[in-house]
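Next, two complexes with chain A in common: one pairs it with chain B, the other with chain C.
Our next item is the complex of A and B:
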């Protein structure tokens, strides 16, 4: 039993799912669900379809090269069973997984960093420039903190009675 | 040179057909058109060609006939004699001779006429020469017509002769008519010979094949022979005599000891003695047939004596060959074709005798020496008397013995399965023969899949080392990350700043929305000067509110405005008396949340609309004064009073301006049918 990768979207195919297509030139295409299968039949290139891993990796949106990927390598020769190795492997898988996912999220974070910095700069600028819309410059001069003034309400008895029909 | 089959001879056409064939061929294959005006050489050539062509064809065909018919001297004497017996050698030779002379005659005719044609001087003369030539040739053929017919008949008959190979192993069956030769033949071969109660059912030779010791034997069934002097025999009997005479075969002489064939044993014995000269050098077996009717033991004395005489003769032939006199059993045999009792024994005996004889002959001939030279068994010459048995090491012997013992004792998986309940109940433990570093691990279960990964892809003996390295790297990397993050953190906005920013953005978006509405309704919105402030947008309260939202104290601004607008009418201030411009405090607590929400919202162009009394003059409407407005109101009401009372259709009631608008009731549709409109 093996977990395979979907040819189109690169997600893992668990046993009992998906379709495997063998072409006349003996290439095997595995699909995780009919969405990928139908896209393949429409002859779409996964490298151009935005939601696939192939696209994301090609455009550098996801991490492509990392040493954690080298731990997972398909072997064609069976290895003789060794309990110690097996134990170590099982423990290692979890750790490697964690490291890999950390690195992947860091990659994405770094990619988005410049945008974030940009937006912060813009926000700061806007705050500086347009503060007059919410706090009068005079008030700002008096009280340089950005503590916004609270809104006043004229609460008199007669008024409340009049205003009630409108509220309804 | 045909060996033993005459089936390949071409058909001999009869005289007339022959002529027709040749002449039509001449006509088709040579040019046909010739004119008087041609050059004389051309005319001569034309006719010479025809004559020659005809002669050639005749020559070819006649030659073919002559060549294909076998020459009686050149074929095996058996066939030569057989053909003589059947067709008479002399007649046959004569016919062929006539064909030959005809051929020569035609050649001569052609030669003569070609010579004459060389000197033909006109078309007519050449033509008549040609006609004469062809005519004479055809007459020649007509004359040999009967020979051709005779040869055709012979050919047909020859094609049906049985294909007997005179050189291979043959068994010949002979005897009186009706003794059971053909039934025996049917029993041992696949031949289907006619078996009937009357004599001379078999009229010619029949061939069948049978097998013995992986060799094929021909079995030849002959027509019955009667005891007559040689000259009186008819053609049918002569066939069998010929076969007996020429074929080197084992002879089975059939004897009917029951006498149901119609001839007594004495007669049969007489026949035997008269043709025994033909049995020279042939293995002879006397077969007593029809033992179901009359067993051999119960024969009468005379008959027994005759039979013994025949047997003696048969033994003589055996002795003549130099065979074993002790083998008397193979000479006289009994059988019954009806009950199949002894049939196989007879066949085996005959085949055996024949085989031995042939082998002996071969050994005596010179040819065998060539074969013998090919066999040689090399035996090393012993150089001394010492015994040298084969040497097998002790270890090998022991191992062999052990292996043998193991084979018997070993418990197989199948036995195990049977013990534990059979195929459906027990499934063999495939793991028990695993070769692992530690035998305790044999029953370990390792998961194949973990967290979306294939475990087998990760298995590696030094995975721990690599993992350590990786973790170290990771540690370093994370440290770096933290540093950069730390630098980055300084640029974040504080919560207050974020609030302020949110407020800015909100205000800005509201302004933009307002502006957009204003812009889109600009065409239809009345542009009223500010002093006619229908929705009370420009009040001091409002201004005060907005200013205090921005953090300024509005009181001074309000006072200034109030001081300027002293000349307002009491009417207006009466209307707004209730709201009055009380000074608004900056820090009043808001008791009612609802009020707070409402007051916080910035007023739109349509602020709270208020109901006005009907006589109030609103600036944008266009009335001079209150009285005018009231009058207008009354007039409007009067105009509709009657209609309403009469319940008539009015302005607001539904009306279809055009009952049949053109665009619905005419025109073709761009696609679809216009079945309904």
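Our next item is the complex of A and C:
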């Protein structure tokens, strides 16, 4: 029994799933489900189809180089069965999986960090500029706790000055 | 590619394009039955062969089955001539065949290797990939001649 990778989306194909297509030049294409198979028949390039691992790795959205990938290399030599080795391998698989998924999620988090910081900066700026949509400036001037500490000094002065001509 | 034969068709109907397109672009591959033309992939001399009977199987022959066929097209100097009735073993079928581990295999075309009544191949070479379903059907000779076993 061997767990294969889908040619289109690179997910694992468990036994009993999927279709294997043998072309006349003896290239074997394995698909995990009919979605991938149909995309292949449409002659779509997996490197251009956004939900495939091939696309994500190509564009750097997913982790490409890591030492945990070495464990999954295809080995063509059959190993003699040894109970201890099998037991240790099963334990190791679990651990390696966990490490790999942690590293992958870290990679994604790091990638999204700059966007997050940018969004927070913009949100803060918007809060400064548009706070009058939420609370009346007069109420803000009276209740100083609603101010952000940073703008407390600047705004209170000018707003009270501006309000007087408006009200009058 | 085999499955794209029906892709390019004009759909004048107003029904949703997606369902019509997906229905027509999926060729339903079926059994090898009477009048099915198969490619011959050995050097016995024949090029194309038409099935006239599928031995075993009410609906038709599949991957690994034997058929009786009539030679429709042959090389000028070969062991078999046009019009001869021969036996053949299906080595590639476009219809998927279930494997014992639950997966399915399918090939790009329908191909056959000519054999005699005892099951020994007439030719001396086999071209293209062959499935290892042949081992179970005891066509070991064909497997040894094959260049690639799928």
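Everything below uses one rule, namely that the second predicted complex is superposed on the first by the 146 of 168 C-alpha atoms of A that agree within 3 Å, B and C clash if a C-alpha of one lies under 4 Å from a C-alpha of the other, contacts with A are read in each partner's own complex, and residues count from 1 in each chain.
Just so it is clear, contacts are C-beta pairs under 8 Å (C-beta built on N, C-alpha and C of every residue); 3 or more make two chains touch, one makes a residue touch a chain.
As the structure is a computational prediction, the values presented were derived from the model and not from experiment.
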item: First (chain B), second (chain C), both or neither touched by A:125; value: neither
item: Contacts of A:5 with chain B and chain C, given as first, second, both or neither; value: neither
item: Comparison of chain B and chain C by chain A residues contacted; value: B
item: Chain B versus chain C as contact partner of A:117, first or second or both or neither; value: first
item: First, second, both or neither for A:35, with chain B first and chain C second; value: neither
item: First (chain B), second (chain C), both or neither touched by A:136; value: first
item: Contacts of A:68 with chain B and chain C, given as first, second, both or neither; value: first
item: Chain B versus chain C as contact partner of A:82, first or second or both or neither; value: first
item: Which of chain B and chain C A:47 touches, first, second, both or neither; value: neither
item: Chain A positions touched by chain B in one structure and by chain C in the second; value: 1
item: For the chain C and chain A complex, residues of the former touching the latter; value: 1, 3-4, 7, 22, 25-26, 92, 96, 101-109, 128-129, 131, 147-148, 150
item: Residues of chain A that touch chain B when the two form their complex; value: 1-3, 12, 67-68, 71-75, 78-83, 85-86, 88-90, 92-97, 99, 102-103, 106, 113, 117, 120-121, 123-124, 126-127, 130-131, 133-136, 138-140, 143, 145-156, 158-160, 162-163, 166-167
item: In the complex with chain C, residue positions of chain A that touch it; value: 1, 13, 15-24, 26, 28, 38, 41-43
item: Complex contact set, residues of chain B against chain A; value: 434-438, 441, 444, 446-461, 463-464, 466-467, 470-471, 473-474, 477-478, 481, 488, 491-493, 496-497, 499-501, 503-505, 507-508, 511, 541, 545, 547-552, 578-579, 582, 584-588, 590-592, 594-596, 598-600, 608
